[in-house]
Amino acid sequence: MIPPIVLHGLIYGGVAAIALLTLTAWGIWFERKFAGRMQSRLGPTMVGWAGLLQPLADVLKLLQKEDLVPAQADRTLYLLSPPLTVFFTLATVAVIPFGVDVAVANLPIGVPWILAFSGLMVFPVWTAGWASANKYALLGAMRAVAQGISYEIPMLLTALVPVIFAGSMNVNEIVRWQAEHHWIALWPPGPGLFAFVIFFLSCLAEANRIPFDIPEAESELVAGVTTEYSGMRFGLFYLAEYLHTLVASAVASALFFGGWNGIFGLPDGIHWMLAKTLTLFFLITWIRWSLLRFRADQLMRICWTYLVPASLALVMISALWVHYAPQLGPMWGG
Amino acid sequence: MGYFFDAARAMAMSLKSAFRKPTTIEYPFEKRDQGPRARLTFALVHDEHEEEACVGCLMCQKICPSQVITVVPGKKRPSEATGKKRGFADDFVLDMNACIYCELCVQVCPTDAIVMTQEHMRPGFAREDLVLTMDKLYANEQEKELSWGRASILLAMQDPKRGTDQERAVTKKKSAAKAATKPKPEPKAEVKADEPKADTGPTEDAS
Amino acid sequence: MSASSAARPSSAAPASAARLGVDPHRDLSDYDPEADLMVLNMGPQHPSTHGVFRLKLHLDGETIVRAVPYVGYLHRGVEKLLEELTFVQATPIVDKNDYVSPMTNEQAINMAFEALLGIEVPRRARYMRTLFAEMQRIASHLLWLSTFGIDMGGALGGGTTLFMHCFREREWILDLFELVTGARFHYNTHTIGGNRHDIPAGWAKQVHTTLDLIASRIDEYLELSTTNSIFVARTRGVGILPKELALELGITGPILRASGVDHDLRRDAPFHAYDEIEVKVQTEPDGDCLSRALVRVREMKESIRLSKLLVDGIPEGPICGARPIKNPTQFKAKEGQAYVALETPRGELGTYVIGGGKNKAASPYRLKIRPPSLHALSALPYLLPGHSISDTVVILGSLDPIMGEADR
């Protein structure tokens, strides 16, 4: 007999994972289409109407490909790394509230959970680079670890801002607090919005998106950690990257934009969460196809000289605000 | 902060181009007009008496920089139409595997027999498919639109004693010869409707 | 370190390289023994080596301590091949040398043959050659800007947006060439004594339309590149090539001008019709990657201006000053030699040809092509040490090498 809590977790988790993977697939389709239009191209057009089935075709193609393992590679680590990246990314989904009280797990330690699994992402990337026995992969993994660990800090600190305001580490509670009071990105005028910007930039870096995509940097490091991977294992890395982007968008909208909370008094629900997540995803895509990338040392400098001090200051400001001006509501009441 | 500002400008630019019309031409379904001078594949043509124009003089074989043309000249025999004795080619093979599309064979042909076409050749699955035999070359004359380039036109155009060339997409040898002897025409200001319009790009959007 | 590289004399480096603090033949055996040096072979199969080019990088972490370029992967023996072919067959072959700027290649070889054979080019043909060269310069620099974007923005990002846009513009110029010559790339439109194809009716108007459109678009794309602070952060102060070193290495073209040397054959040794128009030579004092980018972008704008002047000013007359090609051996050279240099988008392309005399009259006895790209690549051992791998692709991209030309 399966205990009901496990059953609940399995069902909700399965549904959430499948929904997210589907969303990711069409996120990729959207990105390709949008990038194509930006570049005076058409994007996918052949598979299905307007190329809508292109992600499916891609997956089928990747599945058919030979799964190469270099002779020098550390076989176990090499084979294990790609599924682990997807697993760690999917694990963060567990605590994200998609609708009113719709979450796989309503954990009281939601925010640390997200940050912990996001931090764990560094390991499969590092093992993949190490196990590939390829110099480009090693350099890419080195960069990925340096970048991941550095940007972890501003991400962690800025995620504290909503926690301080809402007085809870439960993501659902944070969203509920925002629904009752106000969105954190909008009020108080300083810390919330800046915290969101820094959090967003850190997410870009964590998800290896341009302008922070130096671990992959295909013009320099061929394909970074994924240099030796082929077939579906490469596809898993690819999937994890997009999934990470999508999850980061979801987390950002839950923490800073009130998650499932509707605007103008419209009914709350999962549609708001979806809309906000996709808007942020669109923003990330848009940034990606518009900007060039930074150099590794510039990236580190931005992180340590601007983002880390700024996020520390934001944490202090929010703490002071909560302590001294807790009654100061937004000008529109709330 | 400068990064944010410039990132915003770059993003505005890319979004602006997202609303422009794409320039992609979906090749197998639509084809780009490549202009009358396009040099895409070869054809052997018949002369005005419906006889094979090639006289098997080997000029193209000699000039070809990549040596892809093999001509087997035949015996001279009287032409059925005019009764005059003239040469014929028994075989003519053009190996497109190594052709560099330089148009020199077209230029040196004394009888305007070999021309290039405005249409691509069909891709093949084997190297042999890319070898244009005599049959294929004569079939190309019927199947494909021939290019403007002919030996007589090119030579008239390059004549050191000549003024500017009044050239249109001439396909008939006679009119080409006429054009070559014509005095200098006025510099043509207006673009005629039948003018080559391969660059669909610049007219693609006015923004 | 291997014995062979340790045995190399360090004194081979030009004196001015010392100013950079870089010894290209650095003996790494006395390098910090604690450091774990790694040798990385960048290329010949690498996405951003602009062809098949191999760079052997000695890395300390990600910092390059020594770089050794290897060329020759695309060697096809073009010079020897041209000695076997006759004068009239050479043009379509040299098209394939600098495959980004075939027009200037054709012009170079034909100018050399014309000088050897003593043939005059009519004025109309000279104007047309000038126009083609300038339009080809726009196309070539557009391709450089696009690939430079790829080098810095990656194949999956903003770099591709720049790439696609620049390629679209370049295609429009190739479309114009196609209307004249029938080919988009390997034109074979120049011949000994002039041009093979006259420009068709209404072409000038199309040139104006296209160039106006490109001129209006270029500023837009600079938002992604030279006026964008991310681009500037990546290129400013990176890969500084001092004036003296550039001169010693024989570097020409935009790279030399970006190092502050005001040298352009179009103005200093006019060929074609350049003596009849005024070329504004663009220079930058710094010699870093940003300077090279700025010089090329400004040259592009200058070329648009020149092309519009030229297309309006083409005089009437014949387009070929010699008997048109009718058979392979129609041009016979006496014993003698000729060297002709002209300014291609990449710099000074020299062609040296010796006439064969009686025994080999219809083909060159010896032919040597001096490609600007090869000389530009020779600067890499001086530019790279001290920079990271990320900078390698930027520096390599800013030199705009074309391996077909460097390896011949």
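What to note about this one:
As written, the chain order gives the labels A, B and C, with residue 1 at the start of each chain.
In this section, a residue touches a chain if its C-beta (ideal position, glycine included) is under 8 Å from a C-beta of that chain, and two chains touch if they have at least 3 such contacts.
Please read these numbers as outputs of a predicted model, since none were measured by experiment.
Farthest from chain B, judged by the mean position of CA atoms in each chain, is A.
Between the interfaces B-C and A-C, more contacting C-beta pairs are found at B-C.
In whole angstrom, the spacing between the mean C-alpha positions of chain A and chain B is 54.
Inter-chain spacing, taken between the CA centroids of chain B and chain C, is 29 Å. Note: centroid distance chain A to chain C, computed from Cα atoms, is 43 Å. Among the residues of chain A, those touching two or more other chains are numbered 38-41, 211, 289-291.
Residues of chain C found to touch two or more other chains are 158, 161, 165, 168, 224, 228, 230, 233. Among the residues of chain B, those touching two or more other chains are numbered 7, 10, 13-14, 17, 23. Interface residues of chain A, counted against chain B in their complex, comprise 34, 36-42, 45, 211, 286-287, 289-291. Put simply, chain C touches chain B in their complex at residues 85, 88-93, 95-96, 122, 124, 158, 161, 165, 168-169, 171-172, 175-176, 178-183, 186, 188, 191, 193-198, 200-202, 205-206, 209-210, 213, 220-221, 223-224, 227-230, 233, 316-328.
Across the interface of their complex, chain A is touched by residues 7, 10-11, 13-15, 17-20, 22-24, 26 of chain B. Contact residues of chain C toward chain A in the complex are 38, 40, 46-48, 62, 149-161, 163-165, 168, 224-225, 228, 230-231, 233-234, 388-393.
Across the complex, chain C is touched by residues 2-3, 5-7, 9-10, 12-14, 16-17, 23, 34-35, 37-39, 59, 62-63, 65, 100-104, 107-108, 116, 147-149, 154-155, 157-168, 184, 187-192, 195-196, 198-199, 201-203 of chain B.
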